[in-house]
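Each chain gets a letter, A, B, C, D, E, F, G, H, I and J, in the order it is written, and its residues are counted from 1.
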Amino acid sequence: MAEIETFPNPHPKRDYLIRHVAPEYSSVCPRTGQPDFGTIEIEYVADRLCLELKSLKLYLQTYRNEGVFYEDVVNRILDDLVAACKPRWLKVTGKFNPRGGIHSTVTAEHTKRRRRA
Amino acid sequence: MAEIETFPNPHPKRDYLIRHVAPEYSSVCPRTGQPDFGTIEIEYVADRLCLELKSLKLYLQTYRNEGVFYEDVVNRILDDLVAACKPRWLKVTGKFNPRGGIHSTVTAEHTKRRRRA
Amino acid sequence: MAEIETFPNPHPKRDYLIRHVAPEYSSVCPRTGQPDFGTIEIEYVADRLCLELKSLKLYLQTYRNEGVFYEDVVNRILDDLVAACKPRWLKVTGKFNPRGGIHSTVTAEHTKRRRRA
Amino acid sequence: MAEIETFPNPHPKRDYLIRHVAPEYSSVCPRTGQPDFGTIEIEYVADRLCLELKSLKLYLQTYRNEGVFYEDVVNRILDDLVAACKPRWLKVTGKFNPRGGIHSTVTAEHTKRRRRA
Amino acid sequence: MAEIETFPNPHPKRDYLIRHVAPEYSSVCPRTGQPDFGTIEIEYVADRLCLELKSLKLYLQTYRNEGVFYEDVVNRILDDLVAACKPRWLKVTGKFNPRGGIHSTVTAEHTKRRRRA
Amino acid sequence: MAEIETFPNPHPKRDYLIRHVAPEYSSVCPRTGQPDFGTIEIEYVADRLCLELKSLKLYLQTYRNEGVFYEDVVNRILDDLVAACKPRWLKVTGKFNPRGGIHSTVTAEHTKRRRRA
Amino acid sequence: MAEIETFPNPHPKRDYLIRHVAPEYSSVCPRTGQPDFGTIEIEYVADRLCLELKSLKLYLQTYRNEGVFYEDVVNRILDDLVAACKPRWLKVTGKFNPRGGIHSTVTAEHTKRRRRA
Amino acid sequence: MAEIETFPNPHPKRDYLIRHVAPEYSSVCPRTGQPDFGTIEIEYVADRLCLELKSLKLYLQTYRNEGVFYEDVVNRILDDLVAACKPRWLKVTGKFNPRGGIHSTVTAEHTKRRRRA
Amino acid sequence: MAEIETFPNPHPKRDYLIRHVAPEYSSVCPRTGQPDFGTIEIEYVADRLCLELKSLKLYLQTYRNEGVFYEDVVNRILDDLVAACKPRWLKVTGKFNPRGGIHSTVTAEHTKRRRRA
Amino acid sequence: MAEIETFPNPHPKRDYLIRHVAPEYSSVCPRTGQPDFGTIEIEYVADRLCLELKSLKLYLQTYRNEGVFYEDVVNRILDDLVAACKPRWLKVTGKFNPRGGIHSTVTAEHTKRRRRA
């Protein structure tokens, strides 16, 4: 798996909000083998580390040929990002293209301690 | 009636939000016999079970030739989904196409116990 | 005046939200005699009675040739609907087309007792 | 019927295009007696006379309580405006709100002689 | 099959354009048995007969439980409408909801003789 | 200065919200002498008096040839409207067209006592 | 009246299209004395002279306190701009804010000789 | 490579237009190895064969892990579809997500003989 | 560095909200040397000083040829504006154009003491 | 100046359309020294050479600190691109952000010989 790189938070004394939106997410449906498409939104309040943008892109690309369910992948991205940058707060939202005429969205979040921006 | 299938929640320790939007809902007006059209939105926090997407689609299709009032069908879908997956929280919204120049929306929700995402 | 008909709330044990949007409202300006146009939005939590949609449409049409001020008509619709269905909560919003280059919106609500969906 | 007033075209030597859009048209369905709503668009190249805007508004209001079919009213407005201002070219489009789930548009035009802007 | 009713064109001397848009079309996929959804647009220049709106709605509803391909149904609607009202020109467009992530549109037209509005 | 006229609140026992949006505001930049353009939004809960719409329009027009700063004019309109109708609550928002590539918005409010709709 | 300044066309051998859109036009209604608002669009193919942008802005501002009809002002702007820069082709479109619920647009153009971009 | 399947044109005597829009196209940049994303639009007038929708979807997926330039892939899809269904006319448009801040679109078409719908 | 000028708050007794949106922000990526683009939004409640608009524009332009990271520049703008006008509350949001297909937004705020409008 | 690189047209026998849209153009106003912003659109039919995307981006960036008028820069880009790839047809459109409240667009094109896609 691609490593998620980080860099030191340039303003660690302040709680502030960082948001990255990646509309080019794609994985594979574990049932049908067909490609799935969606947008992954990441919002977080950094503690001592910030997510490096290019490695984040490469990390999301590791799902491109993997079979994952919507409910699972959003939680796994959350766990991986939390492990990588140990944020004060982090939320992942996956908005997926319709399948069988139904649009799905999954949102999960993690809080270290309640000091949100 | 089509059975609503479920699968085990892959991340049951975390409260997280799942949302399915089905814009291809259709039923029949019990008064005029004319087809009604609308969008059904389902949001929930799973407990031990998640709603399986394909069976959810087939379940919503069972209303296609049934005569139901807006206020009734939203509550019945809520009851059926709650019975199927016993969620921590679940909300159903039906947004219906205009009839007689009036657009109608009905929203109902169920809470097991207050541990919402 | 057209009578506002009701039917028994099919799910009276649950607080749930019903919303009707009527974009084809028209009345007459009491000052100039010119027709006014707007959208009337009705949101409510039913108690034992629901508003019947067709009679609601006919009720709103009774204002078509009547001279009423914006501030007055929204409150009168609120009073009439509350009298007809005795809801737990009901809100009326009138959004009116611009007159003299100014768009106006009036919103009024009534609460029986605080048990909102 | 309200008279459609005109004023002398201030630039009669030039073919130029004038367009008036009236989104507050309303009449009555001759079958059901229910109010219809729509937008009337008028485009024309004046010859010696221009349509006076206020009398145009009053003219369109004369349909408010009249029962007319869509196909008929657009042609009648066309005939009346052509008679009033004798334009080089004039087109009327009626875009009507959906009835029975169907939106209708009717477009008719008149040309005096081919000297369009 | 529901008969498509007509009424005499109130302005037969003039070529003018009539357009009906029906966004509540639904049929069944002949392969999967799943419901299809779409919008049917009809544009025509009447000769001696106009399409009656309510019977048009009922005609389109006859496809609700029928299995038809997109390419076929648009041509069949075109043939049926041409047979019913013998127009100077008529065009049918079907815009269908995505299936397998692909949106499809089919457009077919019929001309009696070149006298279009 | 044009006097802001009022009329008796027709439903003074109820707290309800009135909103007027005037997108045709224009004044003059006190620095450059160039015209400024913007939209003034007024929201209020009337006590015993409502703002009369036509006099409100004329009042806003008094700024047309006056040199005022954004921060100042919103507060002055707030003060003038509060003085005229003594509302339970009133908010003024000025949204101004970009100058030097920067869009500005100023929002100020006044509360008599906390009984908001 | 403000003079419309010009500068030499930097590429006079090529027919190319220049378009300026001024959404901050305002004048006064000659009948009611009320301010009118609109957008003036200017498209042209320069010959030897181009319109200088700042003087164009100042020229349009000269109408701010003048009473002019829509049909007249568009033709007058056309005449003034043609006189100032003697273009190969020039078109003026005025799109005016609704008055009495009716939106108006007036379009006039001038061609020197048929060598349009 | 996935075979593009066809089925007999159900209305071969009439020239009519078929359009398929596939917003879930993805391939790989031949230079950087990074995934590219885009929408492929296909419009055609069938002769004796129509493109089967599911095999079209599978055909487009064959580019998912292939390195292709925009200019090349649109022409290759055009050639493959023309070979498969021998249409009277066919156009392919590829609209690609921005790379380096630049959005690219490529459009190519093929005509058998000039009998377009 | 350009100095951020201020002027006395014309209504210092009232907490009110001022918002400036600058969509023409540009800087340079410290890694690639490529220009970055974005929108800077500033919201604040002034104490005794307001930010002068022209100097604010010039201040934001000082970043045009500077290499800065998103997370850093938003906090630096916040610090500089707080130092310049000592507001009761101030928030800076940077919305940056996509890089590598990912859109980023950073939001930071400063509060002197909790007396927000 | 950055060199505009090209690569061999992979399908030179077919006339097909290539379009690149660069919304991150910026230069400097030659009068005020202030940065200008805009979008450059390039459409062309290649002959034997295609424009390489990355060098196109770098070429457009060469204007970042240069003072150029709108009318001039669009024609200069056109000349440079024509010189670089000798296309069958090429069009450049510059859409610039408003200055003094006026939006400007300039469009110029070059044709080698009339064999357009």
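We adopt the following convention: a residue touches a chain if its C-beta (ideal position, glycine included) is under 8 Å from a C-beta of that chain, and two chains touch if they have at least 3 such contacts.
This is a predicted model, so every value here is computed, not measured.
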Proportion of interface numbers common to chain D and chain E (over half same, under half different): different
Pair of chains joined by more contacts [C-beta pairs], H-J or A-H: H-J
Whole-Å gap between the CA centroids of chain E and chain J: 44
Interchain centroid distance [CA atoms averaged], chain F/chain J, Å: 46
Intercentroid distance (Cα basis), chain J paired with chain G, Å: 27
Chain C and chain H: spacing of chain centres that average the CA atoms, whole Å: 51
Where chain F touches two or more other chains, by residue: 23-24, 37, 97, 101
Chain-chain contacts as defined at top: A-B, A-E, A-H, A-I, B-C, B-D, B-E, C-D, C-F, C-G, D-E, D-G, E-H, F-G, F-I, F-J, G-J, H-I, H-J, I-J
Contact footprint of chain J on chain I as seen in their complex: 23-24, 26, 34-35, 37, 61, 64-65, 97
Complex contact set, residues of chain J against chain G: 69-72, 74-75, 99-109
Contact set on chain E toward chain D in their complex: 9-11, 14, 16-24, 46, 50, 53-54, 56-57, 117
Parts of chain D lying in touch with chain B, wherever the complex brings them together: 37, 97-98, 101
